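To keep things simple, chains are lettered A, B, C and D as they appear, and every chain counts its residues starting from 1.
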Amino acid sequence: MDSVKTMSMKEAVSKYVKDGDLAYLAGFTHMIPFAAGHEIIRQKKRNLVLARATPDIIYDQMIAAGCAKKLIFSYAGNPGVGSLRCFRRATERPKPKEGQPAPTDWKPLEIEEYTHFGLSGRLFAGATNMPFLPMRSNIGSDLPANNPAIKTVKDPFTGDDVSVVPPLRPDVAVVHVQRADRNGNAHIWGITGEQKDAAFAAKKVILSAEEIVDESVIRSDPNRTLIPDFVVHAVVHEPWCAHPSYVQGYYDRDNEFYMQWDEVTKEHETTMKYMDEWVFGVEDRAEYMKKIPREKLDRLKFKPAVCTPVDFGTM
Amino acid sequence: MAEYSSMELRIIVAARELRDHESVLVGVGEPNLAANLAKKLQAPNLNMVYESGAIGSNPYRMPLSIGDPCLVTGAKSICSMYEQFAYYLQGGKIDVGFLGGAQIDKFGNINSTVIGAYNSPKVRLPGSGGACDIASNVKKIIIITPHEARRFVEKVDFRTSPGFVDGKAAWRHLKLQGGGPYAVVTDLCTMKFDEETGEMTLVSLHPGVKVEDVQKNTPWKLKVAAKVEQTPAPTEKEIATLRGIDPGKIYLR
Amino acid sequence: MDSVKTMSMKEAVSKYVKDGDLAYLAGFTHMIPFAAGHEIIRQKKRNLVLARATPDIIYDQMIAAGCAKKLIFSYAGNPGVGSLRCFRRATERPKPKEGQPAPTDWKPLEIEEYTHFGLSGRLFAGATNMPFLPMRSNIGSDLPANNPAIKTVKDPFTGDDVSVVPPLRPDVAVVHVQRADRNGNAHIWGITGEQKDAAFAAKKVILSAEEIVDESVIRSDPNRTLIPDFVVHAVVHEPWCAHPSYVQGYYDRDNEFYMQWDEVTKEHETTMKYMDEWVFGVEDRAEYMKKIPREKLDRLKFKPAVCTPVDFGTM
Amino acid sequence: MAEYSSMELRIIVAARELRDHESVLVGVGEPNLAANLAKKLQAPNLNMVYESGAIGSNPYRMPLSIGDPCLVTGAKSICSMYEQFAYYLQGGKIDVGFLGGAQIDKFGNINSTVIGAYNSPKVRLPGSGGACDIASNVKKIIIITPHEARRFVEKVDFRTSPGFVDGKAAWRHLKLQGGGPYAVVTDLCTMKFDEETGEMTLVSLHPGVKVEDVQKNTPWKLKVAAKVEQTPAPTEKEIATLRGIDPGKIYLR
């Protein structure tokens, strides 16, 4: 039985990502869907509201490429390396050039900012359709004063003020996983981040997988299935989707790239040169991967560390 | 006497603050090294929890980021991002958290958001991440930082993570479950916080450092404890153990 | 390295269950800790507040044996069979005997009642230390009018009234699992019910396991570890702990027993006769198991259905 | 004409209400049989979700309870109890839920808590379980029940699970995300609910049943649709398929 949901990343992005959408490309360091981000850039999507706790290099690229109108986030950094220069250029007050007046036409990227708990909590509340999420944080910080979406309510049991955040319901979520069947039942292991919450919170879900496996593999371990098929709209078989980030058990992070990104993005022009070659210059992820030397990919491969299986029992 | 860098000094002094069986929320870099050092010395049952949801990791290399695959393979447990913050941090299961920041002020408030005005910043920093959540919910906050005048400010431009706000009265009013800042470990000294007022107070000078050296790098009139201790110098064992943790010198300088 | 936490069920109950405690013996049909309940009855614990979404036969037994002062619950039934007669005797207005006046000294078991979502939500809120949990239920029901712990707050985003419940923090939780190491890191599969939430919400945790395995087995699959050692106080190796309920992959439910219970409990006296033989008449679970015919136990064993393992990778 | 029991009739008629690709929250007994029957007939892609957290089960036998191990082995996914209610039910992912109860009243409210006063009940029933949560959050509630005068009451002793309360105006005021009761399937007839008032209304008579038969077993003046349909009799195929699902007659009578 072939599923009507299986398609290429090009089709999935074209069908489910619209200009102006609130998009959540999930992942906490692990399984960042770079291939989807590149396809969004290639298809020149515009005015997106990009949301993610940890916008990293792929969001930096989408910001530089002009896809984003606004960023909803909690930590905008290049993980383990430093800052995101494109994000910074889009938000920092420009320094006046030598002997010139300060620019008056500065239009920064809109931002909406939370703590990690606040943003992952918003997504959890979206996934579980909570009216609002009470949380023990925010109240000692200057964040609430700068973000009207963070409110307080009185705890009816203690009378104390409690910080609350609203649910986040993305128009579209993109989630990359290790293995899924053709209908989108997905096994995820390693750092599980906000993949499940993004899939449940979003109105449309693009799920890509390193491997498409038979339904029987999924059904052999239902506790590993964090995302069930019926919340998924598109299933994309996209090996190496997450490069330069990593996929537990499949390939390691390409740390060299993370460090180079700091250099590449020193100027907007050098950033766009990268984009011309690695995003606009290729048709899809398969072509992108052909440009990376075989030896490098071999270096990123893990040695096996297979888990002790469990027995579900039958009669 | 053994040679050591100022980063090694900070890490070794911070590691001494950890007790066996405590749960520590660990970040990469200096906190990771400090926690691993304590585990190899006085705290073999230290429970290391990472913001990424990895619990009790047993890494086969130095983690490159807080979400490194080496923190997963062979860990005791893994949970999702929301679960990590909800079950562990808000759940009150974490004893110690390490924080740093671009600015730290005299009540231990930390800024990792912006230099300048929020809406038109001179420098846009990465933001809170889990820092504000950690500051609000763990029993002890240990701040590790180089002792530079540009980092120590009388009042932070933006309070990302609450210390004792503008004094302990204001902090008590927040009713946070966390214990607030506990120690600031720099390459010059260790500072703790006045029980009554919550003001940062010099309590121990690192080898060869004088009160004036600290004051010179602290732009407000720093409170000094009635009796200032001398921080014992890093031992050969501490130094050797620390260097054994990062043999490739990925972080250690 | 031997753990100071490993002990017998007798020691664990003696050390961690106190008269008057709020106790949560976890499990949704699956892995109900019957052995712990029997030990609590044998040690004549009194005035317990028993909490569980689905109090079933073991709670019926503890109520009949006089251990409970109060029950916090959402569904008090014999799953798949019918009602819990001891619970009913303890809560229903006694019918006057023929020709006699209605009894005036009736003192029913105290109850505090929720929906499944409300009670599992209270435990989740306890486990995650939420100040209170907003939920989309209750408001159309007569439950809130009969339970002052269910309150409403105004949603600060919509102005609507939202039902909220307070966190539940048991004094002690008892959780049975398939396999754990000596420190209490526990792998759980099959129906995961409220085991994790009970362990995180409670002040003291007794964890029993079908098998005690080497730490390396646990560490080979950290995503399967729902309970980490440092929330656990006692680790008990107790095979067949859950009989007559079941353990996924280990043994099936003893359905015959569930059906017999309906007969056994027709009168308080017949119930106590059962108790004398099967609870007070044995020293521990091992002795209890010796009383059950070998053929019956063999019938309850599953055929294997082992999962496809996953690879975590190493360098 | 084929022979069938009144339980078989209820299950077959209820099964016809399910559509392909819908998600159904399934209980054991009649709802389980109805859902499995629909899946074998008009709804091969029916998504079956169990209150115990099992999703897309593929049972190797008739489940003995809602948490039976046969619902787990070979299922698509499993989650915890809170997650099942939060992600699926409150999350609005469930189209249809089946409910039953000791009392059902004219606005589809259901009582499964007590007969008599709450604090000194004549009969103590098991309680809500997930029933109130299901009633509040799924798009369509289907009630399957024997048509007995003691079950149908004008007003329930205790409203465990809301139907249309005391009319649609009161129900709208609650702003529940669920669609409320959709159909009541008994061994005599199918009743649906008036669009305007939310009152239970006879819409279809099962083979050989007259309006008077239904009224006799309904203690209030039952509203009758302008045009009452005739429920098509169970087909040979429906009956054979249903009996094939429970060959050991664990539930079927």
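The definition used in the following text is that a residue touches a chain if its C-beta (ideal position, glycine included) is under 8 Å from a C-beta of that chain, and two chains touch if they have at least 3 such contacts.
Computed from a predicted model, the values in this text were never measured in an experiment.
Chemist: Which chain's mean C-alpha position is the greatest distance from chain B's?
Modeler: D
Chemist: On a C-alpha centroid basis, what's the spacing between chain A and chain D, in Å?
Modeler: From the centre of chain A to the centre of chain D is 41 Å.
Chemist: From the mean C-alpha coordinate of chain B to that of chain D, what's the distance rounded to whole Å?
Modeler: About 57 Å, centre to centre.
Chemist: Between chain A and chain B, tell me the centre distance in angstrom, where each centre is the average of that chain's C-alpha atoms.
Modeler: 28
Chemist: Tell me, which residues of chain A touch at least two other chains?
Modeler: In chain A, 129-130, 135-136, 160, 189-190, 192, 220, 223, 248, 252, 302, 305, 312-315 touch at least two other chains.
Chemist: Any chance you could list the residues of chain D touching two or more other chains?
Modeler: 54, 69, 72-74, 78, 86, 90, 177
Chemist: Check the chains against each other and report every pair that touches.
Modeler: Taking the chains two at a time, the touching pairs are A-B, A-C, A-D, B-C, C-D.
Chemist: Would you pull the chain A residues touching chain D in the complex into a rising list?
Modeler: 127-130, 185, 200, 218-220, 222-223, 225-231, 312-315
Chemist: Quick one: in the complex, what on chain B touches chain C?
Modeler: 23, 47, 54-56, 58, 60-61, 69-70, 72-78, 86-87, 90-93, 177
Chemist: Mind pulling up the chain C residues that touch chain D in the complex?
Modeler: Against chain D, the touching part of chain C is residues 28-30, 53-54, 73-77, 79-80, 83-84, 87-88, 91-93, 106, 108, 113-118, 120-121, 123-124, 135-143, 146, 160, 189-197, 246, 248, 252-253, 255, 258, 302, 305.
Chemist: For the complex, give me every residue of chain C touching chain A.
Modeler: Within the complex, chain C contacts chain A at residues 129-136, 151-158, 160, 162, 164, 166, 178, 187, 189-190, 192, 217, 220-221, 223-224, 248-250, 252, 302-315.
Chemist: Of all residues in chain D, which touch chain C in the complex?
Modeler: Contacts found on chain D: 28, 51-54, 64-69, 71-74, 78-82, 85-86, 89-90, 113, 116, 118-133, 135-137, 158-162, 165, 171, 174-177.
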